[in-house]
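Letters are used for the chains, namely A, B and C, taken in the order the chains are written, and counting of residues starts over at 1 for each.
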Amino acid sequence: MSKAISVEHLSYSYPGVDDTPGVAVFEDISLTVEDGSFVAVLGSNGCGKSTLAKQFNAILLPCGGKVYICGMDTSDEERLIAVRRSVGMVFQNPDNQIVANVVEEDVAFGPENLGVASPVIRQRVDNALRQVGMYEYREHAPHLLSGGQKQRVAIAGIIAMEPKCIVLDEPTAMLDPQGRKEVMDTILALNAQKGITVVLITHHMDEAAMAQRVVVLSNGRIAADGTPAEVFSQVDLLHSIRLASPETVELCYELNRKGFSLPLDKLSVEECAQALYDAIKA
Amino acid sequence: MTPFLQVKNLQHIYSTGTPFEHVALEDVSFSVERGEFIGIIGHTGSGKSTLVQHLNGLLKPTAGSVILDGKDIWSDKALTRQCRFKVGLVFQYPEYQLFEETVYKDIAFGPKNMGLDNAEIDRRVRKAAGFVGISEQQLESSPFDLSGGQKRRVAIAGVIAMEPEILILDEPTAGLDPESREEILQNIDAYRKAQNATVMMVSHSMSDVARITQRLLVMNGSHLVMDGTPAEIFNRAQELTDMGLDIPEVTRVFLRLRQMGMDVPNVYTVSDAAQVLFSMKGGRIDA
Amino acid sequence: MLKDITLGQYFPGNSPIHRLDPRTKLIWLIGYIVALFTAGNWASYLVVFLFLAFVVALSTIPLKSILTGLKPLVFILIFTGVLNVFFTTGEKPLIAFGVIRIYREGIIRAVFMMARIFMLICGTFLLTYTTSPISLTDGLESLLSPLKKLRLPVHELSMMMCIALRFIPTLIEETDKIMSAQKARGADFESGKLMQRVKALIPILVPLFISAFRRADELATAMECRCYQGGDGRTKMKLLRYKLLDFKAFLLLVVLICAVILLRVFGL
């Protein structure tokens, strides 16, 4: 399997102001993301997860080590556009990434920048809007849409560029539960149906639980890495870095402290209920 | 005895007489006592933000009244302004209203507008900073140098410093990580206990409100549809789901257990859930 | 509330006016203004007015929306009217009251001027109501593109305009929010002397500027991520092409201008 993203011994510090030393975010981080996978990067505020996301798109460049996107070195200036074509970014605040005041015009912005021929842009824009379920809104003004809808427009704007990989930096942080669900459903569908590699940066456990793989960042280091079940069953570790597991696991963990011996890898409500049922009836 | 704050048949229609006319609140009535901690839940567009802006006189009802301490807040202009100080309102993402050069000055903005003397302002600023865990040292720094979570605290302190008898917060924890969320909720509760103040918190996060409040108001389609203790409200968990609200995961686990034929009550916090299951096992486990 | 301002807003639709090429509409607006300022008598005003009414009818924009949009400009209209009534001199005053003399010519002139401004505003509104800001900027960019040879940054200017238009509603909403939030902290914007009122704006302006800068910064990053590198090598989803409808519109414009000139020359 080829690697969509490959990070090798990355170190990065924010440059200091004047003569003060910079703030180190990462010292030595290595990570690979397989083609077509769905990886969640989890961490509390200030753990460096947004900084990491910006490395994937060459907005920030490594101070040491390398970041490769589909085999291309992000610090190679000549490949800059190629890197950005391969990895699309969606940010937290949907308002601040929508450029145009008509939905379809905004989705067209990326392909237009790439110099795609007009009829092809039209096709890509329509497809992208259908993919995120916003086709009926193509002539609307973005500022009148709900948060979830705006964020889906932003995602459409990225997929119209036909990237191999999408990196989403806390795309649901400013949304209500309805909007969060819309965005998560869209992301899952993109990954499952179009095979787009997804890197989702989040601090919501339940969102991370939907991924195939969860990487936990803490203080610029990878604290845990594995399937959601593997990662979330390490409740003590997560607590020690001020994170929590989904409530289903937390409940089993709490009961185990009271003497139960429940498995800690039952993330879904159904599985958890079944495990509890079995334990009580036993 | 008249209740501390009373909302009577409140109605609000935006842009009356234009094509954009929109009913945001319809026939909302409830009353609130001192010291209560109340959660207001409902999905976007259910009218909850409109509701809270009526409680401190920022919006004028198109019908109905808001009665604070027995007096209609719109009966007299001075009373409306007074009400702004008695009922403190913290908006969503309050860190976006910070504007002063130092944290101290920003927190002092509210008390200054109240016309207090400098000694009193100083006392209040320091006390408010204490409630939200802002250190003396940070008081002299620029609010724009702080982290997101700290900015939020400073903004909340700016309202707390007015020592409102009712503190209303619109989504105070939105966009914060779990740990900062918990701390801010604790800060707010500490203020409530110390001042015997009423706190009303608008939130999407059902597990937050369920855990910390004693009473919940549920808004749906511009109406107040439920009013009760969290236990009472979560007894109607299915109705909440039908309204498109997110119920806590443990509540869903327990709903599922009931479907499977187990006789379990409704729960909404992990510790309650654990307690229930523990006692079902006879409170005694052989490890 | 600030939100209710409809000035410069776009009403999506599919009328013949909406379908016109934005360049046609821009040239039309210029031609229309020329006609309006050439018009000098009742008949020519009537012709221009009839044209305006015709275009409004075609546009399917409700008359009410156009009139609501005019509200903030009523003051200018009245001011112009009053100015003309009082400061135009003629042969025989209709009313003489101290230094104030009102002449018949003054009233006629005031009516003309008000009609002219009214029609000017309506025409401009019609353009912004029926043309999405994007196609408007596209049209402007295309019309101004000969200036690129003079090294004028035409693409950059039109991009800036487009982004400005995109963010106006967002910033208005934000201003509303900040105002409410500061009011909740007891800020008073409605009383006090001028200096106090100006000072009272600081708690609104500072957060607004900070937020605008933050937005600009984030937008710039987002645009960079979407491979924006300026106007070179950029294509467009919607190509501007003159259609039959546009030629009809140009023909109509020529008719309008000729009619007004003829009416003026022959003084009918």
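To be clear about the criterion, a contact is a pair of C-beta atoms (placed from the backbone, for glycine too) under 8 Å apart; a residue touches a chain by one contact, two chains touch by 3 or more.
Everything numeric in this text was worked out from a predicted model, so none of it was measured.
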Touching both chain A and chain B (chains): C
Pair sharing more residue contacts (C-beta pairs) when B-C is set against A-C: A-C
Inter-chain centre distance, chain A versus chain B - centres from mean C-alpha coordinates, in Å: 30
Inter-chain centre distance, chain A versus chain C - centres from mean C-alpha coordinates, in Å: 43
Residues of chain A whose C-beta touches two or more other chains: none
Contacts with two or more other chains, residues of chain C listed in rising order: none
Chain B-touching residues of chain C, taken from the complex the two chains share: 4, 68, 174, 177-178, 180-188, 202-203, 206-207, 210-211
Touching residues (chain side chain A, partner chain B) in the complex: 44-46, 92, 146-147, 173-174, 176-179, 203, 205-206, 242-244, 246-248, 250-251, 254-255, 258-261, 269-270, 272-274, 276-277, 279-280
Residues of chain A touching chain C in the complex: 57, 59, 81, 84-85, 88-89, 91, 93, 95-102, 104-105, 108-118, 121-122, 125, 139-143, 157-158, 161
For the chain B and chain A complex, residues of the former touching the latter: 43-44, 147-149, 174-180, 204, 207, 244-246, 248-250, 252-253, 256-257, 260, 262, 270-271, 273-274, 277-278, 280-281, 284-287
In the complex with chain C, residue positions of chain B that touch it: 15, 18, 20, 53, 56, 58, 81, 84-85, 88-91, 94, 96-99, 109-110, 113-114, 144, 158-159, 162
